[in-house]
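After the structure tokens below, expect a handful of questions from me.
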Amino acid sequence: MEDLISILVTTIRVSTPLILACLAGLYSERAGIVDIGLEGKLLGSAFGAAVVAAVTGNVWLGLLAGIGVSLVFSGIHGLASINFRGNQIISGVALNFLASGLTVFLGAAWFGRGGNTPPLSGGARFYAIQLPFARELAGVPVIGPIYSGLISGHTILTYIAFLAVPLTAFVLWRTRFGLRLRAVGENPKALDTAGMSVSWLRYKALAITAVLVGMGGAYLSTAQAASFSREMSSGRGYIALAALIFAKWKPYPALGACLLFGFLEALQYRLQGVSLPVIGPVPTQAMQALPYVLTILLLAGFVGRAIAPKASGQPYVKER
Amino acid sequence: DPALVYDGGGKFDASFNESAYNGAEQFKADTGQDYQDLEISGDAQREQAIRQFAARGNNPIVLPGFSWETALRSVAADFPDTSFLIIDTVVDDLDNVRSVVFKEHEGSFLVGVLAAMATETGTIGFIPAFDFSLLQSFGCGYKQGARYIDPDVQIIETAIGTGFDAFNNPGGGTEVALSQIDRGADVIYHAAGGAGVGVLQAAADSGVLGIGVDSNQNHLHPGSVLTSMIKRVDVAVYNAFEDFANDTWTNDVQVLGLAEDGVGAAFDDNNASLITDEMRAAVDDATAKIISGEVVVHDYRTDESCPV
Amino acid sequence: MDAVQSDHTRRPVPAAGESLAIELRKINKRFGPVHANKDIDLAVARGTIHGIVGENGAGKSTLMSILYGFYHADSGEIVVGGAPVTIHNSSDALRLGIGMVHQHFMLVDNFTVLENVILGAEDSALLKPSVDKARRELQRLADDYGLNVPVDAVIEDLSVGQQQRVEILKALYRGADILILDEPTGVLTPAEADHLFRVLRTLREEGKTIILITHKLREIMAITDTVSVMRQGQIVETLATASTSPEQLAELMVGRRVLLRVHKEEAKPGAVLLDVKDLVVADDLGTERLKGVSLHVRAGEILGIAGVAGNGQSELLEALSGMRAAKSGTIRLNGEDVTAVNDESAALLRHKGLAHVPEDRIRMGLVTNFYEWENAILGYHDLPKYGKGLSLDVKAARAEAQRHIEKFDIRPANTDLKTANFSGGNQQKIVLAREMERDPDVLIVGQPTRGVDIGAIEFIHNQIIKMRDAGKAILLVSVELDEIRALSDRIVVLFDGHIVGEADPRTADEGELGLLMAGVSQKGAAQSSEANP
Amino acid sequence: MPLPRWVDVALLPVLNVTLAFLIGGVVVMIVGENPIEAVRIMLYGAFGYGYGFGFTLYYTTNFIFAGLAVAVAYHGGLFNIGGEGQAYVGGLGAILVALAVGGLHWAFALPLIMISAALFAGVWAFIPGYLQAKRGSHVVITTIMMNFIATSMMSYIISRILKPANVNSDESARIDPLTRVPFLSEWVPLLKNTPVNISFFIALLALVGVYWLIWHTKFGYALRTMGHNGTAAHYAGMSNARLIMITMAISGALAGMVAINDTAGAHGRLLLGYVAGTGFVGIAVAFMGKAHPIGVGLSALLFGVLYQGGQELAFTMPAITREMIVTIQALVILFTGAMSNMLRRPVELAFMAAQSGAERSGSPAEEKRA
């Protein structure tokens, strides 16, 4: 039980940036814009957040800066893919390169630590928060471990990430904005002929993407770790993208996919070096590959064909 | 001018390369002697970098990291008048190359001793960036030291990733450390370069102890870093620059272990409150025994296995 | 056929005093080198139905899209209800009471009807109130006009006829006074079309103005008050419908006389070339769409398959052409069992002498991004004449394409033009040329004239008859009853995956076929015709 | 709006690259260096002398292979992000054979090594292809996952199996010098000490081969049909499933050729993590080259120049670090790839203005009438 709880706690922490990035991707891809640049946005906003938090000592300003960086990235992506009808994948790849170059370049210029930012402490970091009564309930069987051990004790960004899921589902299916968002990703012409601006809507979606992924990036450098270091996003943006496809571009399944991924990762930490009954000691690398292998198997076995929003990846062109 | 080309992790990796950089900076501060340095972005640039420095007359050229060996071999022959220092591997068949290797296992033994004495839960952790021979030798020395104190101590070992990029994943380091802490580890030794920053952070945040590596990392979280396994790459670099300046350069193989003060456990103000006299005594005792040969620390790299 | 009436009454502009719904003045629009609309003047009186006809690519859709604010005119003026207006986008048009049903539906396929109707016309940030209001409003529209649709159904599950109703409902829901319909009947059955026309008449009675684009002159004659003919970006004539004739319109459109009736000799059927027994076929979702169909086609005859769209025609075409495996039953070609076994069966069948003109040229029959010559060999690219071994003989393919262009008068006569840049009629000719020029034994044709102008229709019909006369077995699927009746030597009616009856095109009347298509069996049909003599 | 062809293929790309360099130049100025001097150093480093040129060619070789891998898949409508992992696994195929036939003259060994590398990498790419074809699993996810799996698997194989005991670093044994793919410097003294090897010509052949495959074979025709319209491919009797699997295998095999240049050539042994991002650069190369072999060749060269010239720059101007080079690369990708239409509009307008100007002056009578 305790082991399980602790694996689940790790799961939640590992999943948090994935959830934020995955939901971020959901907004832009639902709007018809493929975002392979999530990786770069995570990295860029992790940098922005850490820099401003380090300089001002205020993590909230850091968070804003992180979001600001990803807004700029989204703006470039929008310019390229909405206004100039460029290839969205190249634009994303370019942003990834840009993030990996600029963060270290600027970081080195500003702090002289080879791109790493100074360690954050005190008000410059997000700390775990205890939910009400967590301490009091800790001793209660079942509820204690689950509420005090599992649910309580995460940073605010984790709670935001989890709340963003129902909120996204609500926005998507219950609001005017959500209806239009889904429409613009499926058939932008339908929206255009109904008298709405495709570009404007896509920019709004990209802005939401930026806010979410910006929080994900800030989580990496100001909550999970306490400074920025080069390439610290280490592939999480790609994993989030995979999770998004896995979840067929839907919010709750997206949560599920990210949690599954986080869980496999957490499990993998536990299983390293473990010797299995029949097989004997398993190479560390085999355990480390486990999350990816299982993802493929699940995908092939159960999930089936993922059909992307029809208009995704294609610039909207009225006149041939 | 002397030249220094960093290994893959880059200049400010908070450990190995940074230590080399510190040595060079120290020499510059002491003597006013300028030097040139460079970071590479891929294996293909290794030879190119050395060759270019050599061609421009930079001398000596310092190459921290075993990955330089191949490139060094092909360049050194073409520039017999240039002196080279390679760290972490032995190139003894060329007569313009000095090699410096460290007995990381001996230093790791000492921090293992401290870990086993500091733990209250009886469980300690080791976190390499990934499964890699050099890092295993750190781990193996650490385990030997810990078991030397307490044969029953539990040691959890968890790698962060699977390749060189694991050195740049402090988030992963944090999570792996937290997962070890959840399993009861209260002293954690990392050999993970930049990702180790996350390990030490997690330890500090959770109120357990971390152990730094390569350079003295005690100051990162005073009171939360038990000690650091220091590897005096800076000294090797400093000495190289100095020897060359004083015309005392030798093309030899230097194996720096405890006896040579090339490795060791770091004690300073930052961890003074954590180290009891008893612990200090045990370290001194182990150091003496290792130097005298009474205790032999096995090097993982000799046979790719660890006895404990 | 009569010559063009010379004494027709010209009514280029509605009589003075008549109130105008819209007026377009000197509208010009270019797409790069294409001058799609040239100095167009058009006036439509309030409370009338105005038809627009013209060849493919004449600029009809472009003109209407300008009125609807989807495109911007390069120059010209738009007057709505007497006042000059600028229409920046569709929402301006909607505000002015202009609604449009596009040639290609502007629906979100995986949305429900309700969602599509409210899209862009929501009242509040939350959907619920809009949805509730739309539900009531749609009920009212259904009652008033007989426009019934399952409001909670997802669009992709609806028939095209229903989808089109949704488009009309969208416009009405937004309070359109002026309704533009761009080829609304291209995909409708006669019954659906009749229903649509009843709705349009009701709307006209209420004072709404309707602009109707269609290729079907019968419809123009039946429902419009005035009609404009477009050719090469210009309006060549605007006439009162009562004072014109289909023949005159056809000539104005094409610039030459067009035979509006198919002329063919008596069929001389030979051996059975295509023989289908108890064919059961399921669609992609596993639903059985053909439930035991048996039929045969002889050399030298055309078998017409009539039926309302969605009764198994698509699956029949796909199964016969080897694209879709059968659950049971057999298909014999020249006596040989050729029932599809894998996803390459289509290629095999082609080589055995079966050609297939698919229902949907854009989705299936063509790669619109390919050059014309590349499409000229689609499906036949692996024949030895297009290259030995692995290699593709581009020259041979181009030569073949050139032959097609000459023989089928495909315009523009350029093998190196992207297929997307050809008009619908010419695209259809590219497909037909490819399939017919292989000289197959059996030709399977789906909806050969969908969205094609009358000049091209005439040509296509003649080609099909020529094939028959050359002793080929032809199976024709079309939702155009006129077409089926004009071309076929025998007609079978498909309903709900069954063949519910067979008819002789020379004797069968429209009513009888209509009943069969609605699922009333032949016996039942006989009874009902007895009941209502 | 159709522009003259030379504008499309030459003028616009040149303008775009210039723009990227202008913006990069601003950054260079911010760090206090002279951008014109920087460009000069870069070009000198890439082309100015034999040594630099050799490296440029060496990088270009890798990027051609990685770019072609992405391009071939793209013509089939498939997005292969897995070049990185495929090249890595291709390295295993290359080293196993190269070590097994150690001592054999390279002329005989090379075909074997190539086949083996192609086979290993091809199989690694075939798996996602198979899953896409038969199970509908999106290749984008599966290739990402396969990259991660490749890293784990190769780490184990290299560190635990291939690594000889007496070697300090985690790498395989060395290939016999006789067997190793020979350096061009053996014949061209100018390229002395550079890693460019015979693989460069293999890469050029691959460009021609892919051109032929895509536009002059029946398979290529089928591939492009599927890429544009899968339903039409099915209608034509092509098996989409089979095409997907074959395409992915070919794409992977091309990525595996990176191992010929690196493992069997430049490095002469299998290094841990040797691909080092080449696979990802391949994505940019392919898209910038519009998936056309000529474009791929040119953009591979552009990247080769950026890599090598950038290295020279980092040497000569210490303020410009390797990250600055990455930044400039990003700008080049952005402006020549994603924002290539930004300058297209103004150029189009300029042409239209010129044209209508010509028209107007040509037919004053018509204007009066209008």
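Just so it is clear, A, B, C and D label the chains in written order, and each chain counts residues from 1 on its own.
The working rule: contacts are C-beta pairs under 8 Å (C-beta built on N, C-alpha and C of every residue); 3 or more make two chains touch, one makes a residue touch a chain.
Source: prediction; values computed, not measured.
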Self-check item: Maximum inter-chain contact count - chain pair
Solution: A-D
Exercise. Averaging only over C-alpha atoms, locate the centres of chain A and chain D and give their separation in whole Å.
Key: 29
Quiz prompt | Centre-to-centre distance between chain C and chain B (centres being mean Cα positions), rounded to whole Å | solution = 76
Practice problem: Compute the distance, rounded to whole Å, between the mean C-alpha positions of chain B and chain D. | Solution: 37
Exercise. Between chain C and chain D, tell me the centre distance in angstrom, where each centre is the average of that chain's C-alpha atoms.
Key: 46
Quiz prompt | Overlap residues in chain B, where contacts from two or more other chains coincide | solution = 131, 162, 165
Quiz item: Residues of chain D touching 2+ other chains?
Solution: 148, 152, 155-156, 160, 321, 325-326
Quiz item: Listing for chain C: what residues touch at least two other chains?
Solution: none
Quiz item: Name the touching chain pairs, would you?
Solution: A-B, A-C, A-D, B-D, C-D
Quiz item: Which residues, counting only chain A, touch chain C once they are in their complex?
Solution: 173-180, 182-183, 186-187, 189-197, 310, 318-320
Exercise. Note which residues of chain D are touching chain B in the complex, please.
Key: 51, 55, 58-59, 148, 151-152, 155-156, 159-160, 163, 165, 168-170, 193-195, 262, 266-268, 271-274, 276-277, 307, 311, 314-315, 318, 321-322, 325-326
Practice problem: Going by the contact rule at the top, pick out the chain C residues touching chain A in the complex. | Solution: 31, 68-71, 89-94, 100, 102, 106-111, 115-116, 118-122, 124-128, 130, 170, 420-421
Self-check item: Complex interface listing, chain D residues touching chain C
Solution: 1-2, 212, 215-222, 224-225, 228-229, 231-232, 234-242
Quiz item: Contact residues on chain A for chain B in the complex?
Solution: 3, 6-7, 9-10, 13-14, 17, 108, 112-116, 119, 220, 224-227, 229-232, 234-236, 265-266, 269-270, 272-273, 283-285, 288-289
